[in-house]
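In what comes next, chain A is part of two complexes: it sits with chain B in the first one and with chain C in the second one.
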Partner chain A sequence: MAQAVREINLPVRKDRPKGQGLGVDKIFLTLVLLFLIVPLGATLIFGLSSGNSINFNTFQSVFTDHDFSQTLLLSLGLALASTILAILLITPTAYWVQLRLPRARPLMDFLALVPFAVPAIVMAFGLVEVYGTGNTLINILSFGLVPVLSNEPFNVVNTPQLLVCAYVIISLPFVYRPIDNNLRAINTKVLSEAAYSLGSGWWRTFLTIILPNILPGVISAALLTFSTVMGEFTLASLFSIYTFPIYLNVTGQNDAHKAASLTILSFFLTMIFVLGIILLVRIRPGSRGNEDRLDIVAAK
Partner chain B sequence: MAFLELEHITKYFGRTAAVMDINLSVEQGEFLTLLGPSGCGKTTILRMVAGFETPSNGNILLDGDDITNRSASKRPMGMVFQSYALFPHMNAEQNIAFGLSIKRTPKDVIARRCAELLELVGLGDKGRNFPHQLSGGQQQRVALARALAVEPKVLLLDEPLSALDAKVRVSLRNEIRRIQQQLKMTAIYVTHDQEEALAISDRIAVMARGSIEQLDLPEEIYNNPRTVFAATFVGTSNHFNGLLESASEGLCQVEHQTLHVPPVPNLHDGDRVLVMVRPEEVSVQNSEEGVNVSANGAGNHIAGVIELRTFLGPFTRFHVRVNESTTMTADVPSQQARDYYVAQRVVLSFPPDACQVLPLDKEAVELERLAEAEEEKV
Partner chain C sequence: MQLGAATGKTESVTTPGQSSVKIRRPAGINWSYSIISWLGFVPFLLFCLLFEILPAVMIIQNSFLDSNTGALTSSNYQIMLSHLSYVHAFQTSISLSVVTALIGAFFGFFATYGLYNLRTGWLRNLVISFSSIAANFAGVPLAFAFVSTVGVTGFITVLLLRWFHIDLYNGLNFSLYTFWGLVLVYTYFQLPLMILITLPALSALRPEWREAATNLGASNFIYWRRVALPILLPSLIAATMLLFANSFGAYATAYALAQGSINIVPILIGFVVNGNVSLDPGLGNALAMGMIVVLLIAVSLYTVMLRRVSKWQGR
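Up next, the complex of A and B:
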């Protein structure tokens, strides 16, 4: 077995330039990995230590804490809702702009950058100003929509629904950019025209031809939105909604060890999610990744 | 009424007219090619027929029905694109089946049809391959099969061979023609490649600046071009600007020399004209045999020096400088070309019947320049 492995590896070693066995690349890779792993390891150890001993007490206390599960579920719900809403709104819009309104692309690029330029705190006060103060001019400009949404039974002020809308806005750059890049990369116009000429309508073309081909962009957009919302603090705090990051902050002020354990838990949750998404993308039929893997199997 | 009629079609993009008042009829089962340089409006016409663009003016009639404002997905057209446009996430079979599945065709029928079409385009064993696992030529074959799968009334081909290498281009164009004839499919083919157009078409529409310059059989387009643009754009030619000395006798003054041309009753003495001669009509003689020149009678004889000799397989092309500003091209069967070499003084001869005389107005001069610019690009 060992013999066989050596035989297979030989040509690969031959192809490598000499003197790179302990090359600069490996040193840099190690340094980067250390840079990323050391703080995480330190946080883990800090979370596990209580006094002079290492144990799982803090993790136990986290799991038994009612607020932990409640805030985590709320944040997951908010993240999921924001992700779905953002994707549902932006993906067809980006496709439509790419196909029918290429001139509007600079405007979309600008709009997608605005959330970076406007701090979350400004947005939160803006939303409170719009929905909370009964400004006559705003009421008129919104065709009476703001007063309806500011009062019962449709009140949205300081509700998770409005928070989701705010999250969709702050995630606009993360959603629009990867989707737009993918749309540009796949020759959207010609593929759409090919589908139309075969009798397919706009929606069918979007769902069956365009969407599968921009899936990596959509997934990365979803991933970024989900992660952003899971860690978002300012807006939730100003809306007075008790989400996971706020719980993390409160816990950190009372028990630093527990906060460290929570950080580790949140990191692993995100990592599992990211890995899940990456695997989902790689097993798509017809993707290059799939073909590469087939090639590897064939080579073996 | 023809199967497909374009009536007074005009298309503006902003203030620019891409297509100007085009009238075109395509018969059922006919293979019509729109030939012209880039920007002449040929692709715009095809896109209007496909339904991707709406004409600013005019009507498109298919089998008597006005389809001018019908959406692309509701037109019975199959389109083949220059960039193949295969759906990357579907294999060849799924690509071909796409149009049929939209029509809710039963699965067994789709499977049978896919197999038939893959056989037809010579890719019987490639059904499971994804586009990135196929070569350019194979991808275009799948695209052709996909367009044919929905049994379109008209097959539209937008420069389908431009992205392929020369050898594949020739074999695939013959394939396209064979399949079109086999299925008796009406086809409109867009290309800027004149050789391709001449080889494949029933009729050719030579286009320039949004208008049709000449719509005719390939042989007619080549042998009897009716406009200066058609004469200079299609095929290689020698052309001279001159003044018509005698329209009835067929005498034309070209660069201090009188050329014998066929009588041109539709023109007048003193008209500015373009005289065109195809290189294969020009014969080369050694100038030392000059005594024979006069014996050739009413033919045209021009003395010059061979500047370039290009072996092109069955024939050899000579570029002969006849004066400071003019070179002429002569194609000589390669077996007879052995006696001639660069820097040799020769006499070029061509009969009057080989000359085409075309009126040269201001617009024609501009179009001639356009055609020459295209030729230089090639």
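Up next, the complex of A and C:
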């Protein structure tokens, strides 16, 4: 439907007479782009310059820093764990809900909307309270799971494990939506019933029939989760876990030039992930261009 | 975006399938079928309960409890509302979010329209890709990018001083570490987000509507005033709400910029979690609860507007 509309769109758009508002919007676009580019350019120059000459000394001192590689590795590990957990948990669930439990869809939509209303800072506070202090109501509501998790041998409060779980929740909105969009775009029900009638089991159908068809959404969700976790500061800071963004903050407060070099580095990291999404997802045949774009929204 | 339409669409798709299932299965097995269906949903539900719902429940519960005695009380809220600095923090947070959301929505909308009118395909794609990157570029690196640009010794600050003899900090009284400095930094992630949200809405305007309006003698202005804007309005309001929520909950950017010297609600909550003794945990819960309430209003408006969008664009 949307595809068809867009195809009609193209020739008409060319014929459209130049209206009076045409000059203004181009000026706005240029201004906005300038606003977005100037800080990046300025940071690059600021990071490369020391005094009057341009050199790469700050980059060198950054790369030889022990904490740099240490925190970067930790962040990479956390990002990988969060991405895998998010995909493993949400993809089968989204398929299951689509196929067998359409009644649960409003609940799913609600759960994916909650992170908008409960920002990371509030969530961190709540998590510390839930797993840091004993509370009867919470113990009952969690079916006794919270006391198990918050005492020996798990002692989950302020651990990287809890951080990973929190990251999965944070990325819920932009993991669930692209996967769900993709599931709706392919004819999930018919494909599954065809596979079942040919003797394929649930997991086999999911892994060999459904998953390859929704792969663009899964890749997009995975890269976005990865990129978000790599840059996440709030939760890590409140859990006192020394990740890359924390290192960035600590180093940057003492040395402005180092901060600039690290900023440029983070920008390139973000760029790699986002370009990865664009290249892997948009170019594939059958991707639905415009509609997926909304999914590229990260948590602040 | 397609929330409302989505539910409608699936219902129509799944109903024939469901009825065929019902015919095949006798009533007795249907029960176990539905129980197994819910069982498959349990792992995810349990995960969300443990790490998403319970923290929110805890905040709600503790905001009504005295943090020392555990007795039921409304004193947390009374303290929050009677202290000028806490009220002021909410005022600052809300005005910061409103201002950046409005700036982002206004400039973002016109920029998106410019992008929509761009004929050059590769340039269009380049701008869209760049917007996706910029929208994801936030937090600590973003704060540092602005410090390097318009901080006290930033590139632009020095450039203006040397070449044009304009002193941003002493002459023009500008500072990156104040309210308007924060507005400048937040706008950086609001603008590309607005572009990404609005472009699909603009692209969904049907050319037939413009043709019909032109045939009936409408000028370009009348078309926008009477046709396009009323149709786009729900999407624009929804987008503005999303921008509002986006900046209202932001903590990392403000923290990295001013290390806590700006009085906004997320920073205050950060103090409570980090064990700042001058702030009572009960008060922190009340502050967090206040944030949730404000965000709930924004998010509800967002979902209501999205329903209207899907109705208009017939998806």
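Observations on the structure shown:
FYI, the second predicted complex is superposed on the first by the 231 of 300 C-alpha atoms of A that agree within 3 Å, B and C clash if a C-alpha of one lies under 4 Å from a C-alpha of the other, contacts with A are read in each partner's own complex, and residues count from 1 in each chain.
Going forward, a residue touches a chain if its C-beta (ideal position, glycine included) is under 8 Å from a C-beta of that chain, and two chains touch if they have at least 3 such contacts.
The shown structure was predicted, so the numbers you read here are calculated from the model rather than taken from an experiment.
When the shared chain is aligned, chain C comes close enough to touch A:P39, but chain B does not. Between chain B and chain C, C touches the greater number of residues of chain A. Look at A:A256: by the touch rule set out above, it reaches chain C but stays clear of chain B.
By the touch criterion stated above, A:P106 is placed in contact with chain C alone, chain B being left untouched. By the document's definition of touching, of the two partners only chain B reaches A:R204; chain C does not.
Of the two partner chains, chain B and chain C are each touched by A:E193. Judged by the document's definition of touching, chain A residues 193, 291 lie at the interface with chain B and also at the interface with chain C. Of all the residues in chain A, the ones that touch chain C in their complex are 1-2, 5-6, 8-9, 12-14, 16, 19-22, 24-33, 35-36, 38-40, 42-43, 45-47, 89-90, 92-93, 96-98, 100-102, 104-106, 109, 111, 113-130, 135, 137-138, 141-142, 145-146, 149, 162, 165-166, 168-169, 172, 180-181, 184, 189, 193, 224, 227-228, 231-234, 237-238, 245, 248-249, 252-253, 256, 259-260, 262-263, 266-267, 270-271, 273-275, 277-278, 290-291, 293-294, 296-298, 300. Only residues 50-52, 71-75, 77-79, 81, 83, 85-91, 98-99, 102-103, 130, 132-133, 143, 146-147, 149-150, 156 of chain B touch chain A when the two sit together in their complex. Looking at the complex, you find that chain A touches chain B at residues 186-187, 190-191, 193-201, 204, 209, 212-213, 284-288, 291.
Listing the residues of chain C that touch chain A in their complex gives 1-3, 6-7, 9-11, 13-14, 17-18, 37-38, 40-41, 43-44, 46-59, 61-62, 107-108, 110-111, 113-115, 117-119, 127-141, 144-149, 151, 153-156, 187-189, 191-193, 195-197, 199-200, 203-204, 206-207, 210-211, 220-221, 224, 242, 245-253, 255-256, 259, 266, 269-270, 272-274, 281, 284-285, 288, 291-292, 295-296, 299, 302-303, 314-315.
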